[in-house]
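Here it is, the structure in full.
A, B, C, D and E label the chains in the order they appear, each numbered from 1.
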Amino acid sequence: MIPLEWYLALAAVLFCTGIFGVLTRRNAIGILMGIELMLNAANINLVAFARYMHPTILTGHIFAIFVITIAAAEAAVGLAIIISIYRNIELINVDKINVMKW
Amino acid sequence: MCDFSKNIMELTWLIPVLPILAFGLILLTGRRGPGEGAYIGIAGIAASFLLSLAVTVITVASALGGHEFHPFTHSVVWATLGNIDVRMGFAVDQLTVMMLMVVTTVTLLVQVYSIGYMHGDPRYPRYYAYLSLFSAAMLSLVISDNLLLFYMSWELVGLASYLLIGFWFEKPSAMRAAKKAFIVTRLGDVGLFLGLIVLFWYTGTVNMQEMFAAVPSLMGTTLKIASVALPVLPLAGILLFAGAVGKSAQFPLHVWLPDAMEGPTPVSALIHAATMVAAGVYLVGRMYPVFAYEPHSITLTVVTVIGVTTAIMAATIATVQHDIKRVLAYSTISQLGYMMFGLGVGGYTAGLLHLMTHAFFKANLFLGSGSVIHGTGTQDMRQMGGLSKKMPTTYWTFLIATAALMGLPFTSGFFSKDEILLEAFHTSLPIFWLGLGAAFLTAFYMTRLVALTFWGEARDPSIHAHESPRVMTIPLIVLAVLSLVSGYIAWPSNNIFHHLVHFGDGAAVPFSWTVMLLATSAAFLGLGLGLALYLRPVISPSIFREKLPWAYNLLQNKFYFDEFYWAVLVVPLFWITKVLARFDARIVDGLVNGVGYATLGLSIAYSWFDRVVVDGIVNLVGGATRISGRVLRYGQTGVLQNYALVAFTGVLVLAWFYLFR
Amino acid sequence: MPFDLHSINLFDMGKQFVFTLTLQKISFLAVAFMTFASAVAVVTMKNIFHSLLFLVLTFLGVAGIYLLLSADFLAAVQVLVYIGAITVLIMFALMLTSKLMAKRVSQTMEQWIVALPVTLGILVVLIRLVVLNPWGMKAAPAGPTTGIIGTSLMTKYLLPFELASIVLLVAVVGAILLAKEDKSDDPS
Amino acid sequence: MNSWILTAITFLPLLGALVILFIPKAKESAIKWTALIWSLPPFALSVMLWVGYLKSSGGYQYVVNIPWIRLLNINYYLGVDGISVPMIFLSTLLTTICIIYSWNIKERVKEYFALFLFLETGMLGVFTSLDLFLFYIFWEISLVPMYFIIGVWGGPRKEYAAIKFFLYTLVGSVAMLLAIIGVYFYTSPHTFSIPEAVAQLPFSKNFMLQSLAFWAFFLAFAIKVPMWPFHTWLPDAHVEAPTAGSVILAGVLLKLGGYGFIRILIPMLPMAAQKYSFMLAVLAVISIIYGALVAMAQKDMKKLIAYSSVNHMGYVMLGIAAACAATGGLQLNDKAMALNGAMLQMFSHGLITGGLFLLVGVIYDRTHTRDLSQFGGLGAKLPVYGGLLAFMAFASLGLPGLAGFVSEFFVFRGALPIYTVMTGLACIGIVVNAAYLLWMLQRVLLGPLNPRWAELPDINRREVISLMPLVILTILVGVVPAVLLTMFNGSVSRIVGMAVGAGG
Amino acid sequence: MNFSLFYLSPELILALGGIAALFVGLASKSRKGFPWPEVFCLLVLAAALVPTIAMLTMGRVTSGTSIFGGIFAVDGLAMFFKIVALISTGIVTLISTDFFRRIRFHRGEYYALLIFATLAITTLAASADLIMIYLTLEFLSLTSYILAGYLKQDTKSNEAAVKYFLYGSIASAVMIYGMSLIYGLTGTTNIVEIASTFKVNPASYSLLYLAVVMLLAGFGYKIAMVPFHQWSPDVYEGAPTPVTAFLSVGSKAAGFAVLIRVFATGISTAILDWAGLIMVLSAVTMTVGNLVAIPQTNIKRMLAYSSIGQAGYLLLGVAAMAYSSIALPSVLLYIFAYTFTNLGAFAVVSMISTRIKSDYIRDYAGLIRRAPAAAVAMVFFMLSLAGIPPTAGFLGKFYIFAAAIQSGNSWLLALTIVAIINTIISVYYYMNVVRYMFFVKAKRIEPIEQPGIMNFVIGMTFAMTIIILVYAGPFISMAHISSGMFKGI
């Protein structure tokens, strides 16, 4: 059987790649992808714990399902916002969107 | 004492109140009052004079009536603090009565005299208002039974003298003289204030009689200040005497009296000759039990030493003065020194007698000089001369008063000065000889004065002197009579005055011819020298100037006291205040502002560096807060990923910090 | 609990690792490596479209992991929702926003020099704590999960379920609102 | 048993302020008259309070005690004793005088008078409240209107002075808040009420906490008094505040600090007070000498009087320091005398410095300058003004027969036995006081007339009316101090008795 | 598992109300007519308020029960925050009616979203399960992102929405990862179970600490706590003022509700000294918030930093919860007072800024002359934020300091000193606004038109700021009643 640690390791690695993606992508949608990666990492964790702890009551799975639905809703709203800002300033590079500072 | 005299005595508190009512009335009515305020003033003081006359008669009668006399007192609770009741009231005994008579007579005469002298002055009513205020304060000082009321009236007298010296305040010199007088006397008053408090502290009461009763019990007690044990009684005595030194212009604090001559001459006559300056002597007299707690106590020796030095110093300076009023001023200082050392050597009666007689003839001299000034329009003796023909009454009264001052026989001065020298002779010879020297000098400068003003021919043709009006000459005459007569009550054989005013049971010192002869000869010697120099110039008056030029201008500049005080006290004081004010505005304000942020509003305009230079110590915390605010603010770059980076580093730090703490 | 690096004896871990290789582990390793590689690609690709494709690959990998964890229902949901819906949505968004022919400017912010150490720091912490934590859990036999999920969704977690529906409603309304091209006349 | 009088006195001015707010801005005279009419009833009530107060007992009277926040045992607890009745009288008197005086205010009349009445409520609240929570609230309330008065109607650097004044007092009062909470938690049935806290002596066991609380209270009150290191806000606030503002600031707001010391610090923290009383005395003497010397160097008339206030309040602090010194029972009388002197000095300083500031205002309204070198010889031109200024200057330098001397005398008499060297040093202050005040008189009134002021109108009727009560009271207190002392003595000996009993 | 719907009635009303509001928006096409959507929205909120108050006052709730198997807690804390949420959204609705009166925007949807946001807060305050917390937190964030970006034409509003969305999703991703770790450690997602069935072996305490830190990232972002505060100034400035008001009051209160519930019941201090962590964060938040507020020139940004500062003071109260009994009521009271003060301040800002078309403080010069009533009210709001009597803010701050001192913990005392220093710093920039309004001369002095509805809002909030202090009895007792928390199943 595959030990639990491996899954957790994979999730951790995925999580950190997601973080790196979020911190360095110039494009807003790139950041969104990074966030999706982080969410997937969390899901792996949840499912792995559910599987290894008490496979009968799968709270982890339910949690993962809700995370997925929320991710979907979030993506929808996020992209709508990105499109609305694109319509005004023709660019979605996050480092250029800094009218408001200090 | 039958009840009629009792209820007159009850009215004693009215004596000071009447002049105050006059003061108030004059202020209210101003120019519209009768005689532009003069008559109200005179009426007030006349009423006080009559009342004090009545009180004097009753007191003297009961005192001479043989049975034991105890002072008539009446007091009321003025304030209660903790459970100490501070009582205030008045007490009448022989000393009080003597002072009452002196003060009321001289004041009445001066007020009458002033009608003429001050005629036509723009602020005439205000002059009388101040005079009434002065007399009220002086009278309340005399009758007060406790040291607190005494001190309060003492300060009010100081105020009145400030107002009167600075009466013609347009003159900058008068203005400065008034301020100088008040501050210098104030310096002395602080001593009196502390003495009063020390006594109040140790005896638990302000009432004089209770204080005297407590004196024996305080003999040994000492006050420990920072490991120095000061005996209480001499400390209190010396502090009280400091007040007297200030007020009676004794040696260290005498500098204000000559400048006080800036005031109108009647004022000088009243305040700076007869009454106010005598208050210091009266203080020593009144508080004598505290001073003389043991026969030759330290306090008395201090009084003597100060008295003698003042007498000698003032007399020497007087010999070279050109301004007639300054000569008289220094003469007063010297005579006060006389009284002081009289009291110092134990001559309680002698000192007070001299106080009384001196009041009369010095007032006469001042008023005389006043009429001379009124007539000639100048105070400088070098411009005068030959006035005896033009102003006969002034001349004759002046002559009598000069004789009294010199202590020539058959004048009141003779009796009082002789008694002092007698007492001095019995206690310490050096003091006696110094006293003689002072008498000699007094005779010399008075003769010089009379010669320069009245004898010889008029030196300045432009001055055509005229005799003063009768309203001025009558007081002169009265005073001249008093200068002669007042001494006789102390006729050596049956010394009524001693009987009335004496300290303890000590019998009067036996009359000794030698002392009398020596004193008179000293006086005549001075007279002769004066005549020799100034009447028929056997020796030219200026030999003194050639022979001892340094001594001459030393005296001319009044031993450089003024300059000395200015350099030692006033200049450093101004320097300290300047430094402190700058210190306060810059450093304390800057430092404390460092904690406050108020200057932030200001500093926005300055660059940070400039503010450091301009403001001295920069507003440290204020500036620091502002800078840290600005630095942190720039952390907000507006770029989302920087925020995310900060967030994740935050998480990392928190995790790392906690795990590896 | 100070983090002492030298306590992890790398050598004997490696030895123990090789011996227990079974078929299942091999398959896990393959899927895990595939997911990790594509995830890294998503993050580092210059062209945003390529990174999207690799994203799909990652999602597939994750679905594989679910299967390995015998979470069959979840794998289906993963494929359906993530690959089916979200990536398509992102594709649309990308089409609308980035001009295809624009020159390929480097997609990574200059901030990566700082971002890399922070990410690695977090990775080290995660590995140290999460993975090396003494979980001590053995995998119990697992049956089909769909039924259990269905019942508990309808009983214990009914309220979140209903709430999720409202969330989706709001998301839809919000998305339309923001993305819709506003004709000037009809603000409503 | 709750008497209505204190609530009426404290909140009538607030009501007046609200009424004024509803009067249209245009009708300025209506505003002024309503302000005056609304300021008279508190004054009348305070006189009634003075007359009705049982002087012998010295305890708290006219008490009203209604639970406010039952849960925290905070109650609306007002009461007065011998110390606060004169202070209330002084506040109502000075506010009425200020309203009469500032009749010629032209800009924003409505806000001006409303703020004044609001300020009066704040001040009266501090003097009447016996609940620490209420005390703190009124303490801060009195802060805000003063900030606006300085800020809106002030001189050139008004904003700087206003914010400086506000922050200074706030720093102190925030420290006091912590101390008040400390007191709350260290009293067994957790109470804010001063009498109960004093009865229980909250920190008697833990001395470190007691000194902490002491220094917190000290900071708040010392800034307000102001004592030496914390005084730098006073000259700025005074110079920039409008005349009526600085009269109230000097007349009443400085007294809040002194009152705080006597009402809270001495009875509640006797041991700490005893331990640090020498420090207080040192600071007091520094204030006296420092204030006098710096006043001497001032060129601006108002700043000179401001520094003279630092000097005068130094006497108050000397009295208070002596009152809480650690001595045996025998010096109870000295301590009572020192404290009586301190209270008397607070009252008379209010009258005298209030008068001085009004007089500076009179000159400033006519000449629009306060630079002493500009004046000269006004005594001849303005006889009545000259007389009044001389009167107030002499009262300020402690001329006997006027209020200044009596309080100085009792403070010195009380403090000398306890801190002999310190009080000795303080005498320097007396002489320097006389010096700079006379010098000020000389530069303003005496000497040759400065041609610029050839046609200067003398003081007018309105200004004289506003000054007369101060003059009469100064003479009355100077000649018959028993009027005030019977009022103070009961409560003071109770406090000193209390402090000595508990601390000794 | 009792199903009595009564406990759920506020949420039901809000959900149905929100959906109905969408239709009402469609129905009332014309903009001129009667403001149907606004009125309907107020009606829904009022309707939801009735059962909440009923539950709180009738004491049915304080004992702390839960429905849906421990997921949905029905206790004093939840009720309190429901009341706060409903009232604050009501006020925000009133402010928005004035703010949007001349701007073309989708009114129906706006108010529906507001209702849904309130629903999110009420459920978040009541959720006692990690899943529920995540779900409702995301629901609230979603609605806030949409509301923040509502003015599509305004680039600032867009920028605010983008930043808020990305930052929010990152934070929630980190939170969900933390939650998964907690689930792994404890095997359950129900908070009460986490606390009671704590059988985590000591070896993995550090992992639990990491999970809590990650959890804190999620909640910290919501209450704008340092280091997760950087989004708030930009979003507060960019978003339309009523939405900013809603964010600063409604969503911040919700953040504190869940923070309190998780930390007070979920994790016992024995295992993890979370109070120390919160103290550190509180000190940093307070200081950064107050320091950076000083140089601000835009009033909305200044209020953003000031609300970060306020979060710092509240965290002081939360930290004190571990030691003193009156800490929780003090936090609730402070939130209650802060709500009215902040809403009042934002009402004034919204009214003035829309009239003078600028958010800069220097343009507020001479406001006393142009809008006297608003200026006076603003003074009291500034005083209340600074915590100076006679205002509600003072009572709140006083009560928190009392809690900190009662606890007697020396670290807490040190933190109180820091709070004192921060109060003084804060007075400077609050009084700076007052300085501009009163002392600086106005460039144009024509009076500003004050619509009736805004006068009502400002008047009401001003009255509450004074009443909470003057008539403090009932409010303090309400805080004490509602701090009876959900203890067991």
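The criterion applied here is as follows: a residue touches a chain if its C-beta (ideal position, glycine included) is under 8 Å from a C-beta of that chain, and two chains touch if they have at least 3 such contacts.
Just so you know, these numbers come straight off a predicted model, no measurement behind them.
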Any chain that touches chain C and chain B: A, E
Top-ranked pair of chains - ranking by C-beta pairs in contact: A-C
Identifier of the chain whose CA centre is least distant from the whole-structure CA centre: D
Farthest chain relative to chain B (centres taken as mean CA coordinates): C
For chain C paired with chain D, centre-to-centre distance based on mean C-alpha positions, whole Å: 72
Rounded Å distance between chain A and chain D, as computed from the means of their C-alpha atoms: 66
For chain A paired with chain C, centre-to-centre distance based on mean C-alpha positions, whole Å: 6
Approximate Å spacing (C-alpha centroids) for the pair chain C, chain E: 32
Residue numbers of chain D (touch at least two other chains): 159, 163, 167, 171
Overlap residues in chain B, where contacts from two or more other chains coincide: 597, 601, 633, 636, 638, 640-642, 644-645, 648-649, 651, 655, 659
Junction residues of chain C, two or more chains touched: 1, 109, 111, 115, 118-119, 122, 125-126, 129-130, 135, 157, 160, 164, 167, 170-171, 174, 177-178
Interchain contacts (touch definition) - all pairs: A-B, A-C, A-E, B-C, B-D, B-E, C-E, D-E
Chain B residues touching chain D - in the complex, by the definition given at the top: 77-84, 148, 151-156, 159, 162, 166, 169-170, 172, 175-176, 178-179, 182-183, 186-187, 190, 193-194, 197-198, 200-201, 223, 225-226, 573-574, 576-578, 580-581, 584, 588-589, 592-593, 595-599, 601-602
Contacting residues of chain D [partner chain B, same complex]: 159-160, 163-164, 167-168, 171, 229-230, 232-233, 290, 293-294, 296-298, 332-337, 340, 377, 379-380, 394, 399-401, 405-406, 409-410, 412-414, 416-417, 420-421, 424, 427, 430-432, 434-435, 438-439, 442, 445-449, 480-482, 485-486, 489, 492-493, 496
Partner chain E, residues of chain C touching it in the complex: 1, 125-126, 129-130, 133-135, 156-160, 163-164, 166-167, 169-171, 173-174, 177-178, 182, 187-188
Parts of chain E lying in touch with chain D, wherever the complex brings them together: 368, 379, 383, 388-390, 394, 398, 401-402, 405-406, 416-417, 420, 423-424, 427-428, 431, 435, 438-439, 469, 472-473, 476-477, 480
Complex contacts: residues of chain A adjacent to chain B: 19, 22-24, 31, 94-95, 97-102
